[in-house]
Amino acid sequence: MAGVAETATPTVLQRIASMPLRDPFAFVGLSIYVIFALIALLADVLAPMPPLEILFTSTGKLAANLPPSLDYPFGTTNLGRDIYAQLIHGTRSALAVGLSAAIVVSSVGTVVGLVAGYFGGRIDSLLMRIADMALSLPFLPFVIVLTGFLGASTSNIVLAVALLLWPNSARVIRSQVLTVRERTYVEAARVTGASSWRILFVHVAPNILPLSFVYAAIAIGWAIITEASVSFLGFGDSESVSWGYMLQDAFSSQALSRGQYAWFVPPGICIILIVVAGFFISRGYEEVFMPRLRGR
Amino acid sequence: MAALVELRGVVKHFPVARSLGEIVRGKRPAVRALDGVSFDVGSGDAVAIVGESGCGKTTLGRLMLKLAEPTGGSIAFDGVALGGLSGDGLRDFRRQAQLVFQNPFDALNPRFTIYRAVAEPLVNARIDKAEHKDRIEKAFRRVHLADFDRYFDKYPHQLSGGQLQRVVLARALVLAPRFLVADEPVSMLDVSVRAGILTLMREIREAMGLTAVYISHDLALVRYLCDRTLVMYLGRIVEDGPTEAIVRRPRHPYTRALVAAVPVPDADQSRIALPIKGNIPDSSEPPSGCHFRDRCPLAFARCAEEAPALREAAGGHRVACHLELA
Amino acid sequence: MKKLAIAVAAGLAALGLATTTLAQGPTEKVRKLNLYSWPQAALPQSYQAAQLIAQQWRQLGLDVEVKPLQRQAQTQLIWFSRDKWDTTMWRMVGRPERSDPDEFLYSLYHSSYAEKGYNFIGYLNKEYDALAEKQRTQLDREERRKTAFAMQEIINRDQPQAFLVHPKYALAFNKAVFKEDTVVNQSGIGIRNIWTFMNIQPLGAQKDLIINSNETINATNPLYIGGAVDSWITDLIWDRLMRIGPDGMPQPWAAEKVDWIDDKTIEIKLRAGMKWHDGQPVTIDDVIFSFEAPAGDKAPMYKPFVTDIAAMEKIGELGLRFRLKNVNTTFLTASLAKINLIPKHIWEPVLKDLAGKPETAEQLKSVPHVGSGPFKMVRWKPTEEILLDRFGDHFQAPKVERWIMRIVPNAEATLGMLKRGEINFLGMFGGDAEVLVKFSKENPDIAIKSEVDIGFEYVAFNNRRAPFNDVAFRRALSLVIDRRLMVSAAWQDYAIPANSHVSPVLSFWHDPKVDQLKTGVAEARKILQDAGYRLSGGKLYYPVGKRETLTTE
Amino acid sequence: MILEVDKLQIDYQAKDGVTRAVDGASFVVPEGRIVGLVGESGCGKTTAVRAIMGVLAENGRRAGGRIVFKGQEVDAATTKRLLWRDIAYVPQSAMSSLDPVYTVGAQIVEVLTKRGNANRRDARKRAAELFDLVGLNERRLADYPHQFSGGMRQRAAIAMALALSPSLLLADEPVTALDVIVQRQILDMLRDLQERLHLSMVLVTHDISVVAYLCDEVVVMYAGQVIESGPVREVLARPRHPYTMGLRNAFPDLMTDAMELVPIGGSPPDLRDAPPGCRFAPRCPFVLETCTTGADGHSLANGHMSACRRDGEADLLRKEALDPVTWQRSSSFAAS
Amino acid sequence: MRLVVERFTHNALALLAVTTILFFMFRLMPGTPLAAFINENLNADQQQQMLEQFGLDRPMWQQYFIYLANLLQGEMGLSFFQRRPVTTILLEVLPNSVILTLSSLVIAYVFGVLAGAWLAWKRGSWIERVAVPAVLATRAAPEFWIGMVLLSLLSFNAGWFPSGGASSPGLAYTSNWQRMLSWDYIHHLALPVLTLALYLQGLPLLLMRSNMLEVMHEEFVTMARMKGFSEWRIVIHHAARNALLPVVTAFALGVGLSMGGNVVIETVFSWPGIGRLLVQAVSVHDYPLAQGAFLMIAMVLALMNFVADLLYIVLDPRVSHGRRG
């Protein structure tokens, strides 16, 4: 197994790695990810001030609603927090939410899709009925109910997102498996005596991997938007600073009326950037790997 | 010579989606791909299975290689029933029976190098890695790809159709099998390279003493490769006999039509009118009795009531027809 | 570098600690304390205060973590499982009936409320209990006032909780629409009160008063209290025998006069000529019915307000005598100014219908909205608006034609509506007061009125468990909190410092002595030191011999 | 001559260069005859007929040459007028060339009303006639394409092509995907129609048996060029170009006794970088040095054209070509 | 017909499963409805009485079947706070949500389809190169954020639109229809619809564009060219007709999906719809109301899934007319 995987992965990785060069969309998307990842890693260096630290002016007054300055590039909130620090540290929670959701969604989706598609029959029907069920749960309401009642920890948001998003990837991966399964070389592998698991993981899965990446990239975006929406509605995890939390804070503290654009515009743009990066990448991959995959 | 592969009353049904009414009434409509097929393939023989699309010939090939399980009947390989094979027994069977595919462009995993693709059977058969190179080179020589080093590190898309089909053949031969099924091995290839593959296959079969089953719709091609031909129509064998005899003196009305329909590359050929009309009926609802009767110019009442059995006729033929056909 | 320095210091301190421990016998470090709070999204000021308080407590060597909890979880933890928490942010809101200090004086600290009631902090003090009971029987205001002062001083001494601020609520109206001096300020409540709604005078064509609420109206039911906003509406539709006046004192309303005959007897005279909204006259039988109806089990929320009534006697056409079971100074506020007058001819069949069924009047599918109040119900869409018409036959008929309340959940939209004239009376503002001030500067038609609340914000200590069962510890924790900082940094100057459960706006009842709370880190440290607590290595240790029995949850 | 194609050149623009799919192909279609256009995949035969229809892929472009229909030169603009009224097309895959969301009848009616000048009622009547003509029951006009079997779909496509009574029919591999019996039925029908309607026809195919069965003339294409053409009988019996000779050898023949199959070594050249001179030279057993340089040699005798430079020795070469050993001489034999 | 029944059963079963999950999810949530009331006046008896009122004193499985039985009669219990039947409360706001969803979807899809087809037409141009990322960005932007910005700009600052709600104060209408057709209602509807439509248009646009590009390469389109049809006819009759198929089903699915997604928009614009109701119910822990609102949204979703299946069956002859011949 291991020996086989060694030789199989490079081609997939090569394709994934060379893709950005061929697709400018994917290149931009990947660059955005890299930049945010760097910001998240270096958050403590870029913004040494803890994001929830209450700041005071030199005269001992609360440093509230300060306009952007050298000390506070985006100013401060009405409760005297450094907006810049929040934005920088928000990257961490955005990536944490996004990546963990992506990993769960794409791994569950991939495994379910592979198993359902390859083995078919009862397992397939069972898994697909479960997927149908999860798909008939309204997305945001479900997340709200779950976080509203169970508490709004980041892990609950990830759980809710994962519970509802895996069927999408599972379905598409399943249908892709169905077509790959019909490919002659899969049959050829059977003739040469390959076991089902070997066929599944050596011959079928590598064709599916790019799709998993596509769904992972989409899931990153969904999870981040969902976290932001839930935070915005006031069900967020108030112990971790996220962009959604910042927007909620700005909205309820009336940054709009105050015209504190530096407070509510940057988090919105960050969300757009990171989500659109996922779209760009998934679009790029779709174009490269399965031009006919779009639509229903 | 003893039969290597024996088929007895093989039936294969594919279920089709059921309507609610059918579910309620417990009906299970199905496409009857094979409807009671029995024959033997003698060791060292080359047998052709000929018929139009939908006649069940491809299904038959898959069943013989245990790529699908029959709904009824039995298939035995070297005296062992395929139905019961699993584990080591199955692995052993896989080493002995191989398949050559219709579409060489899709028969190799696009992510595998040629070397890895051809090594796949060796890996699956758990053959010591040290032996791989040797065996692979030998197989490549067999298929006249003597300059094998040129191919090993290439990917399938870098090769031409003829080369690919040779690699597919090499993969089939790398385990030195006894039994080979070839499903339309040249129909996807360009005309000018077909001949090369056909001659190669004949040569290999003779050199290795392989037992082979060729599946094709093309009588001309079959005639080149095989001594014996089975003609299928709607899941049943309608005629079975020496290829030359079938081509020259077809007995069954369907075989006659088939032979008459084959165009020949000769502008001076005599244009015999096709003896039959109409299309192949839906295989989930074939006619009663003889499946061919609704298109048969000679059909009579009995044909609708009783399915004709395959019985001996003159010239080493077996024919499934109620009439005594000369 | 700095971290390293701290680590070294801590190490040295630990060394020091080891030696002192050897010298003085084993002592225990005060465990980490959880300070619960609402999430910032729900109550930003309170959350901010919690953060600031935690910072100040840390200066005493305490390990404090602020833990925001959603409402449900907080209720569950603090209210329903009373021994499982250390300290939490909490608030008491002002309501007109709380203008009588009894509710806060009695319910908050009386030991009988420790199990289930408002004394969720578990403050047990016999001396206080006695005073709380005593003030209820003191019909003489001056005497009662002395008792109230004594109670406030006890609380100041014991600091069962740390009062933070009395918030100031800024409300506003459009003075281009309404005549400014017809707006009435009710002490401790502000301008959003029934007196304003009856008196406010439109200047021009706009004859509707359009007010906002950021909460949904749950119910408009004279026998059910759903939420705070609900009572604004029931107030307007249904009259009561008395009302809390702008000065915070109950004054006769539907009753022309109210007289104490003796300690346990009150006589009232109903105002003549009152009508229900359906045109029927209001009779003394309706009044009796209104007080009898909650006595059964069909209006559990109102039942407590009539349990003190022993008997009611009709005196002539319009007179009624209440005989009470106990002496009760609060009867005027808590019963006469609380019970909605409902028409017998409509409600009698309704209640009869409910008899024997599990449902109560609270669950009525269609509540008869017939009252005798200054406004009558026209239309109600719970999530959009409620619309009332003026009741012209009322003895104090309003000047505005209609009273409309719009449900606007967010502060941002509320301001937008105020600006665009979609509302003309800001009845509730959940946003930033500073924004409102700025807003009124940009929109000169908007007049802001602010008023200190009867209610207050505080940090509750769980008096049941260590270390909060120690007065010294509580005092220290309270004194270290800088109230001015709270006012400025958390409430943005829209609050005044608090140290009493009786708001300074209730100037008659408020004891000014308790305002002189001397706060500061030094003060707090001194108290702790005197009580034997020790600071070692930046951490606070219990006095010798005191053992911790709990662990942080 | 109903159609003359003269030195047609078609380019495909791809990322890695220009492919000249058709490079100076010339052939003619005499009135009332069936011309077979044969060649292997990628030889440019389909591209050539599509160019006549004025429909090339997005990256395709006519780079040169003339197309003359009934004596009139046609270009992109003028072709449009002729389409379907004068020149109609029968596709290889009738399934994908019928719009899946309309009934077959509706699609025939569409042609009749939008391109012909029929009103709807006449159009429906005519559609029924057309179905009858190709041996389909007119009830099936109300069916959708996917409800037809392969042979019926092909018949429907032919009915559609005949809708406006064109004088020239271009059929691109019309029977390739079909089983032999159905294939034969369609071929018979085409012949029958051609005779009854006096059609001229171009039949594109890779199968010389089909050409032998149906066509009057044959045009052999290789690597974008016409290498041999002439009357079918003549060309098949006495091929003059080594490629045609090779093709003849490579086919198993059901009826003859000669059982040796001889492959042509190598594969067609990459058209992005076609070799100079004769494009068959690398695979040709009779190759001379002069073959790989200079311009093509075209010689014509009795309407039989060959592009071989050794055309003079054709009879000799043909004899040699029958010997399998000859073909092993080709330099690319091993790597077929 | 067989397909229709099959799809119906699928969707109905999924809905039943959702109902079941939801029921037990809510029952297993921490806390009791009593926790919603901080009232010192509630003694133990009264609390018990309250549990009985809401039927919470019975075993869970009994509650479940009672719940299902009631549900079949359109009863979803009483709201803890409003003390009114959940069904009544929901039906009051449902029309608002439906109107908001439908009108924004219609606008989004009409625009999306046209713009998508146009972009497919403009393939390779600079317009396409700018438009596609821009459209992706609109799909990436959080709806509430767009709402915030639009509200701030167009309502608070410019004053063109009302700041929220569904109608001006105190307006009365004789019927719901009259209300919904009134200028005032449309004026209130405009900004939320605009926001939602801005978010929603991306899907049909990109879908239409890629479908068009794909269909334009289909052989039958080439054939239509060969038949000499005008380019307009090819694009409209053949390409667009085929490309629209998935878009139409996406529309039906979109109704169900965006009903759920409207939660944030309704909150930003104080729109009295079912999503805002859900948020409020969740934030005050009104279990029956939250459950009802959720279920209502889920039902719309299931219904629309079914409609999408139906549309697919009806519109695509390949599905509706089985294979024959």
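Read from first to last, the chains carry the letters A, B, C, D and E; within each, the first residue is number 1.
Heads up, the rule we're going with is that contacts are C-beta pairs under 8 Å (C-beta built on N, C-alpha and C of every residue); 3 or more make two chains touch, one makes a residue touch a chain.
Every value quoted in this text rests on a predicted model; they were computed, and no experiment measured them.
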Third chains touching both chain E and chain B: A, D
Identity of the chain that, by mean CA position, is farthest from chain D: C
Distance between chain centroids, defined by C-alpha means - chain B, chain C (Å): 89
Between chain D and chain A, distance of the C-alpha-averaged centres to the nearest whole Å: 53
Chain centre separation in whole Å, for chain B relative to chain A (CA means): 50
Centre-of-Cα separation between chain E and chain C, whole angstrom: 40
Overlap residues in chain D, where contacts from two or more other chains coincide: 149, 152
Set of chain C residues in contact with two or more other chains: 72-73, 410, 412, 415
Multi-partner residues of chain E (at least 2 other chains): 30, 148, 151-152, 156, 267, 283, 285, 325
Complex contact set, residues of chain E against chain A: 10-11, 13-15, 17-18, 21, 25-26, 29-30, 133, 136-137, 139-145, 148-149, 151-152, 156, 207, 210-211, 214, 246, 249-250, 256-257, 259-261, 263-264, 267, 275, 278-279, 282-283, 285, 290, 293-294, 297-298, 301-302, 305, 312
In the complex, chain D residues that touch chain E: 53-55, 80-85, 89, 91, 93, 96-101, 103, 110-111, 114-115, 140, 143-144, 146-149, 152
Interfacial residue positions of chain A with respect to chain B in the complex: 4, 7-8, 11-12, 183-185, 187-195, 198, 203, 206-207
Complex contacts: residues of chain A adjacent to chain C: 52, 54, 56, 61-62, 64-65, 78-80, 148-149, 151-152, 231, 234-236, 238-239, 248-249, 251-254, 256-258
Chain E partner contacts - residues on chain C that touch it in the complex: 71-73, 75-76, 79-80, 107, 113, 116-118, 208, 210, 216, 218-219, 221, 224, 226-227, 297, 300-301, 303-304, 358-360, 362-365, 379, 381-385, 387, 402, 404, 406-410, 412-417, 419-420, 422-423
